[in-house]
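To keep things simple, chains are lettered A, B, C and D as they appear, and every chain counts its residues starting from 1.
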């Protein structure tokens, strides 16, 4: 992982408050677990039926019956519980999930999220993404600021099919930390060595600047 | 990563219940009724409560204490035949009672716990319990929309709890407890034994800890749990 | 229990076929269990959360956490399972209950059942009765043929609030075994020593007689 | 009273599945997928099946064998991203696929198992998954009516079974299995171990025996269960 991505993930990890129940989506969000200390009080949830995820295991130590929703071989911690898929999403939909960290194709300044379908190219189904985006108490996105072609992923409106409307609270990118506020994208932090002009340029919608100095991460 | 500790004194846990709260109470008859939490709620005296419970226990037991103490404005239930006081108060207009088919009460509570808005069923279509409920057609046949139930607080009786709030139940003391333990904004569980993390096997947990807010260990078992000699 | 009632209960017990899942309602139906042998293959269900009910226990042998829906202290058998109230009625509503035996205030010749409410007199709530009556694959009623005042409980229509419509398949009384058929009440068997005239007199609707001799029980 | 024995050969169990059947298949990825029952269904070759499964497994594993063998007309699922063959066949119009939000698929199956007609939810309201689904208002807000799913047959993978069909599951191999084990007219469970009556504790059963029709003991664990080294 590049330094910039690693910094983004490390910064996102600080988003987790003690005592939270947290679901880490497939991809970059999964890496957040490496930045949590062994005695940090948190409960990690995976939608295939486990509360209390422990460290990821190499194949030689893996349990063939114990994976996370991304298919990685994981472990338990003291106090873990297994449950069925209905109970797992009951937890998500009924407000017991304090935070989810998701990937994104596009985030709109309204908080709309598109992360499940690129018509004609990528249509594997939404899996559990819609419910995580729509029902976690706080939804944060981890994503590169632009796609591989350099196009902004933060836009005034999503062009791709929506996962959920007005769901994203905050976006962590390799360039910045940006909140979705009633007024739109609001810059909160800049990555070390990234200029305000760079972020503004890479963002496909207006970027509001709060008063005062902008912290770095 | 370690799982947080949710143990709490019974006084502190029950003090979080406000006047006018909607409170789910586990149990079917005696088994699974959180007698000790109920006694503390009687002692603290919060009034104007809406209770959701399968039954009204018997006179002098469980939620009958709350009813007798004038703390209950409304009861959502399935059957109160074993509590003559509740029936008298219902008949005298001093207690509002909403009756449900038993399995539909269970599903409405579960739907609340599962973050659903309602369930759709044909149960009770021909009965007066259907009066006033919205009807829709499913596959050309009429059905009732039964809205999900949630509560401000659920009072749960568990066999064992760990400090994170993973719970198990024993025998027919399970009944409504696991459903209600998912369906309230604040879930308070009393447990006959509180174990360290790791002492409940992950495959044998009945209520996963993330649903539970406060764990109260019982230092003695209420005498209301004694076997009744009729 | 009177001889006549005991005969009725014994006859009803023969309604249970090997391999069935059966729910026995509160009151007379509960007594059916005394007529099942220890090696008869059957699974008894109680709606408060147990499949595989064993014999009823005296208080000194009772488990304070193990009752049936009527509050009797019961036991388990090898292979019993406990479950919550939602799963218990899932079993009932989804067609896994082969047979239920219920009590009745009134049974109509259409199979309508009234057994939960006498307005102004008895309104404790329906409990699990509606779902048992509406969803068990086969519903049989055990009841005295007439009420305490001598009025028929088998009628052309129910006057009391209905539990479920067109649900009863067969009625066992102290006088007779009567099927509900598309044509109405149809006499199948007579209790020993009971005359046809007696049953006809005690029945509040037309009673059809099949051809041939009527067996006794 | 004793509980009846439901053990059965795999050939006899699978032979009860007719052409054109709707078949629920447990599992989320590898864990909980009934690989051995699926292999027998491939061998017997019933065609025109509608499958209901969380995912399409991976190429060369699980229900991919049924898809490759041309036995599957339709798939009701949540995510097929790990099976390129399924995606190709979907794009080529050779496989009809109905996508659901994952928890809504779980609830639709559970509703079928619970004898409900439908559930009502706000999940997916803003998405194309809502297209064509009936809407009703609950408490003044729009919601979708998601109909219950039942199947002719459910294929279940259990950790242990007793001869009456009480089942338990291990770790994340539980997933959709207990839900599907309630939602089919005929439930066939393969189990890694089949125990005598009484060897599964009544409090620790995950699927009660009355829901299960046929129990097939596995003599060996499918190599498809081996840990994948990516």
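Everything below uses one rule, namely that contacts are C-beta pairs under 8 Å (C-beta built on N, C-alpha and C of every residue); 3 or more make two chains touch, one makes a residue touch a chain.
The structure displayed is predicted, hence computed values, not measured ones.
Trainee: Comparing the two chain pairs, does B-C have more C-beta contacts than A-B, or is it the other way round?
Mentor: Comparing A-B with B-C, the pair joined by more C-beta contacts is B-C.
Trainee: Would you mind checking which chain's C-alpha centre is most distant from the centre of chain D?
Mentor: Between chain D and the rest, the longest centre separation is with C.
Trainee: For chain A and chain B, what's the span in angstrom between their mean Cα positions?
Mentor: Chain centroid spacing, chain A to chain B, equals 35 Å.
Trainee: Rounded to the nearest whole Å, what is the centre-to-centre distance of chain B and chain D, using the mean of the C-alpha atoms as each centre?
Mentor: Here chain B and chain D have centroids separated by 32 Å.
Trainee: Nearest whole angstrom, what separates the Cα centre of chain A from the Cα centre of chain C?
Mentor: 57
Trainee: From the mean C-alpha coordinate of chain B to that of chain C, what's the distance rounded to whole Å?
Mentor: Here chain B and chain C have centroids separated by 29 Å.
Trainee: Two or more other chains touching the same residue: where does that happen in chain B?
Mentor: 107, 114-116, 121-122, 169-171, 202-203
Trainee: Any chance you could list the residues of chain C touching two or more other chains?
Mentor: Residue numbers touching two or more other chains: 50, 82-83, 86, 89-90, 92-93, 135.
Trainee: By the document's touch definition, which label belongs to this structure's chain graph: line, ring, star, complete, or other?
Mentor: other
Trainee: Mind listing each pair of touching chains for me?
Mentor: Every pair of chains in contact is listed here: A-B, A-D, B-C, B-D, C-D.
Trainee: For the complex, give me every residue of chain B touching chain D.
Mentor: Its residues touching chain D are 107, 111, 114-122, 134, 136, 138-139, 141, 143, 145, 147, 168-171, 202-204.
Trainee: Within the complex, which stretch of chain D touches chain A?
Mentor: Its residues touching chain A are 28-32, 54, 77-82, 87, 90, 97, 99, 101-107, 109-110, 121-124, 126-129, 169-179, 206, 225-229.
Trainee: Which positions of chain D touch chain C when the two form their complex?
Mentor: 1-4, 112-116, 150, 162-164, 166, 182-183, 185, 196-198, 200, 202-203, 205, 208-211
Trainee: Help me check something: in the complex, which residues belonging to chain C touch chain D?
Mentor: 18-19, 21, 33, 36-45, 50-54, 76-83, 86-87, 89-97, 135
Trainee: Applying the document's contact rule, which stretches of chain A touch chain D when the two form their complex?
Mentor: Spelled out, the residues of chain A in touch with chain D are 46-50, 59, 62-69, 71, 73, 82-86, 88-90, 92-93, 123-128, 130-131, 134-135, 161-165.
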